[in-house]
Structure formats: structure tokens, C-alpha cells
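Naming follows writing order (A, B and C), and every chain is counted from residue 1.
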Amino acid sequence: MNFWNDPLKVAATWLEGIFTGWGMDAVLAHVLVVFLGVFLLITLLMVLDIFLVWIERKVVARFQDRIGPNRLGPFGLIQPFADIIKLIIKEDTTPEGADKVVYNLAPILSMMSVLILWAVVPLAPVMLGIDLNVGVLFLIAAGAIGTLSIIMAGWSSNNKFAMIGGFRQVAVMVAFEVPMLAMLMIPTIFASSMNMNAIIEAQNIWYFLISPLGALIFLIAAIAELGRAPFDLAEGESELVAGFNIEYSGMKFGMFYAGELLHAFTFGGFWAILFFGGYRFFGLEQVSPFLAILILVIKAMLGYWVIMWVKYTMMRIRIDQMLGFNWKFLTPLSFALVLVTALMNTLLRGADSWLYVTGMFLSNVVVGWIALEIARSVARKERERVEGPKNVVEAHH
Amino acid sequence: MTGEQIIFLVVALFTLGSALMVVTTRNLIHAALWLVSTLFGVAVIYTLLNAGFMAVVQVVVYIGAIAILFIFAVMLTRKDLRDNTPQTNKNWWAGALIAVLTFAGLVFTLQGWSGFSKTAPAVPSGFDAISQLGEQLTSPNAYVLPFEVASVLLLAALVGAVYVAFNKK
Amino acid sequence: MIPLSWYLILAAALFGIGLFGVLVRRNAVAILLGVELMLNAVNINLVAFWRYGDLATMAGQVFATIVFAVAAAEVSVGLALVISVYRRRNTVVADELDLLKW
């Protein structure tokens, strides 16, 4: 067990040795080392957050056929630091009649709900915060805290637009938790465990290949949970000014904004962990934990890029269309998919690997196709009801 | 005083303090937010009791759904945004007396039980509460019938709530 | 080590506070908040008895899971009724809801 194989344990035992050498109680030393580890992880995440701002602005610029920030530093790399300085020196306003405690607590809870998710992300086979055996449910629990922070922000701003934006955002988040929870059951069925590390260890074949529809629905539900386009009605500038964060200025707004970007990156990471093998890459992760972290970060960046791609390509959907899409299409589809996956998993459990993969893949394709056909016929009936039946075009004699 | 006992006392005081704020504060939104902190304290108690699944489900179901439902209901049932009417009715002393008597009665009755001060048995190694719970909830020899009836109950509540609260224009 | 009595006393205290909330508050939504506290106290009791009894019989945790489901169902129907009553009578103060029909 040297440093390159197991850096966290080596560093922890060395530090505990130093602390007990100074005469500290053993339990207290352990608690202090754990706190230092948490502090280190949060610091690294916030530094990553700064670069996510830069990445976001450069990528949106390229999607919109322009260059993006390129004045400050090489390739505009100093730009996010300038943004942070601007946010910090801005005046910190509190609207009159706002509920001060709740108003100030909301951005803190929002950031906390994102940072707390990284406690269960396995960065490497031996490096993870907590080896929780309900890691998958922890994802939803942290989302619940985020939902609470948004409604606190919306209500405490004493502003009608903020309240409407907060209501809408919370309605969307609570609605899309249902298909997300169902899709989280699919890696659980395959890996027979809710532990994140166990799900990664069981992915000899990436789960994206045996459940592509599951990965897709998880992505859609994740984008809705994040409150990003096409589901960002709560913050659309043309609809609601800025939704629940209208009255927030300065660094509090910075907390919401940076928290949203980090949340998107975290969900890119979870998409990679649950469906793309996490830190595994054909055995490379056994070489060194640092290589495993690098693989996970690259996969999370690719997932984050897909989320950004969707955001900057698609237009915003109306709130009733969003909720109708969830309750009338996505939830029944996700339940049907879980049923079919569980059934096919039991039927094909002992089969050869290629038969298993083909069988699951085809079952996903069939379920998706049937769902699309049903959606298409419902849409056709709706269109006919609104526009009148289409005339059959006579063959031109 | 071991560390575990100190943690328990801190969490218990936090939970009971938040519960008191729930039932005494005048502003209803604050009461709903104090309920959130009470539920969070209860989730930590579940973790102390080695019931990790219960703790996470508590956060997901109670804080993520029920507390949010309460906040929505409070916002939708108010005429003005400020609560300046007294929140307790005129028999509050009788209610307080009954609550104290109930608490005293419960503690007194339990004290006569021989197992009142027993300590926790050790958790057997390799004990996976989740797989055990899953087996018990889906095995025909165990509790699959109450589980299925509970899901029918939830369906009935879902349909009923949507129907009752539907705004027929 | 924490004796079982501590958990039982905590649950009894939480139950008493919830009971106080139900009996004393005027607003119907606040009464439902008290009911939630009582249900949580019951759940703590159930899980504590599971932990301090035989760990292999999961009856305590199963019962607690069913109580989660029942609490969620009861809260949703209760709040739907309160909202519906508010639409009709424009009040949710329990003292003022004293007519079955007018």
C-alpha cells in the first residue's frame, strides 16, 4: 500500500499519526482528518466550478458561431476569475419585506445540495467519500434538498415573479423525479445493488449498451431536474425575468449560477457512472487511482458536453407541455421499461453474453418504438381535432 | 458520556426544539420549514439506529415530497402574505396539559417494562438490511400483501386528491 | 452505548409535541403539521424496537415503510381537502368551519 496505489489511506494514516503524536485523542484525530478530506474535496470542486464557467461560455460561443471570451488571459482563461471578482464586489441587496433568514439560507442550501452529492461519487476503486449501500437513493435525497432551496428562494423574495418561477421550477423538479427514480432502478437491477461502487464494478458491459432507452430517459429527467433548457421555463429571460433568482444579486446569485453549472457537471458524472462504466476503461483504472479519476472526469465532461449541446440546440418548452410530457409519456414509458428490463433480465440471466446484450438492446428498441408509435397516433388525433381531418390526396390521373 | 451518546443528545435536542418551533411559531411558512429540520433530525436518528435505508427514504419522501406539499398548501390557502392573527385557540392550556399528561403516561407505562433500559445487540457482520427488507417486502411468506395493499392505498389517495383539488372551470 | 429508553422517551416527547400542535392550533394546515410529527414519533419507536430486538425479523422496518406510505397518502388527501375547502369558504381557520352545509 504505497502512495500511488492508495493515496487517501496513506495520507490519512500519516496525518493521524502526526495528530496523535501531538497528543490528540485518536477518535478526535480521525474526525479531524475526515474534516480535512471533506474540505479538500470541496475546494477542488469549487476550483473545478470556476473552470466550468469558462467551458460553458466557450462552448455556447462555438454553438452560436462566435469565439467567446478571449481578451483576459490566453483563450480567455482569466475570464471566470474576473466574473467572480465582479460578483463579490457587487452590492448585496435584500428586497424590502423579504424573509431575511430564509432569503439568505436558500443559496447556501442550493450549493450544499450539489456538493453533498460528491460524497457518494466513486472517484477511483479505493477513493470515495462514503461507501453507502443506498448510494443511488442518495442522489434523489440530495435533489430533494435542492428542490426545497428553490422554493425557499422563490417565496422569500417577496416578489410575484419569483414565486411563480419557484412554483414552476419545483413542480417540474418533483414531477421529473419519478422517471429518474425508475431509471435509477435499471442499473440497480443489473448490478443487484444500490451501491455506486458495486454498479461500476458490475459494468463489464457498459449499461448504455444494454439499456440505451434507460440512459436516454435518465438524461432527459436529469436535464429537467437541473432546470436547464429545454426545461428552464423558470428562468427564461423572456418569460419570467429570471425566475426564482430575480432578487438575488452579487455572490448569492453567483452561488445559484455556479451551483447550477456544478450540478450539471455532477449529473454528467452520474450519467457516466450509471450507464458508461464510471472510472472503468478496459482495465486502465487498475494502474493508478489518479488515472481512474482522470477517466471519470473525462467521461463526466463528455456527459456535461451532451447536456450543454441539448441546452444550446433546443428551444424552451411551455410549462403545461413539460408537465404533460412527464406525466402522460415519460412516467408510463419509464415504468414499462423497468418492467420489461426486469423481465428480460430474469429470462436471459444465464445466457451467453452476446445473446444477453442483443436481447436487452432489442427489448429497449421495441419499447421505445411502441411508445413513439403511441405518441405519434395521439398527436395525430390531437392535430386532426384541432385542424380538421387531412384530405387524402387523390392520385393525379 | 461516549461520543455516540453526545451525538444522540445533540440530535434529539435539535429535533425536539424544531418540533416545538413547528407548533408554536406564528408564521406558517416558518412552521413548514421547521418541520423540514425536524424531519431531518429524525432521519439522523434513523442513521444512529443503523437503518440507513429508512433515513434516505425519510429524506426523499418526507422532505422531498410531503414538506414541499405543505409549503405549497400554506401558500395556496392564505388571504394575505402576513400572519398576524394568533395561532393558538383559546383552550391552549388544556391542550398543553393533555400533551404533558400523555408524555408522562407513556414514559410511566414504559418504565415498568423490563426491557426499558436494554442496550443494543451488535449488528451481525455481513448483515445487509436492504436485501433483507427487500426480501421481506416481496416474499409471499412475509409482507408482500400489506405492501401491495399500501400501493393500492397510494393509488386511491392519488386519484382522490387529484379529484378533490381539481379546479373545475 | 445508548439504552433503548432514550429513543422511547424521544419518541414520546415528539408525540406529545405533535399532540399539542393538533389540539391547539387554529389553522387546518398547522393541525396536519402536528399529525406529521406524531407519525414520525411512531416511526422512531418502530425502528428503535427493531434495532433493539431481533435484527433478523424486519417487521419493524416493514411496518415503518408502510407508515411512510400511509402518511404520504393521508397528507395528500388532507391537504387537497383543505385547499378545496379554502376555495369554497375562503378560510382555513378550523373554528370557522363549523357548518356541514349552508
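The working rule: a residue touches a chain if its C-beta (ideal position, glycine included) is under 8 Å from a C-beta of that chain, and two chains touch if they have at least 3 such contacts.
Computed from a predicted structure; not experimentally measured.
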(message) Using C-alpha centres only, name the chain that sits farthest from chain A.
(response) C
(message) Per the definition at the top, count C-beta pairs in contact and tell me whether A-B or B-C has more.
(response) B-C
(request) Could you give the separation in Å between the centres of chain A and chain C, each centre being the mean of its C-alpha atoms? (result) 33
(message) Quick check: how many Å separate the C-alpha centres of chain A and chain B?
(response) 28
(message) From the mean C-alpha coordinate of chain B to that of chain C, what's the distance rounded to whole Å?
(response) 6
(message) Counting only residues that touch at least two other chains, what does the list for chain B look like?
(response) 53, 57, 65
(request) Report the residues of chain A in contact with chain B in the complex, numbered from low to high. (result) 27, 99, 102, 132-134, 137-138, 140-141, 143-145, 147-148, 151-152, 155, 158, 163, 167, 170, 174, 177, 194
(request) Could you please specify the touching residues of chain B with respect to chain C in the complex? (result) 2, 4-5, 8, 12, 15-16, 19-20, 22-23, 28, 31-32, 35, 38-39, 42, 45-46, 48-51, 53-54, 57-58, 61-62, 65-66, 69-70, 73-74, 76-77, 79, 85-89, 91-92, 94-96, 98-100, 102-103, 106-107, 110-111, 115-121, 123-124, 127, 129, 132-133, 136-137, 142-143, 146-147, 150-151, 153-154, 156-158, 160-162, 164-165, 167
(message) Taking the touch rule as given, give the residues of chain C at its contact with chain B in the complex, in rising order.
(response) 1-10, 12-21, 23-30, 32-34, 36-37, 40, 43-44, 47-48, 50-52, 55-56, 58-59, 61-62, 64-66, 68-77, 79-84, 86-87, 90, 92-95
(request) Can you check the complex and tell me which residues of chain B touch chain A? (result) 3, 29-30, 33, 36, 52-53, 56-57, 59-60, 63-65, 67-68, 71-72, 75, 81, 128, 130
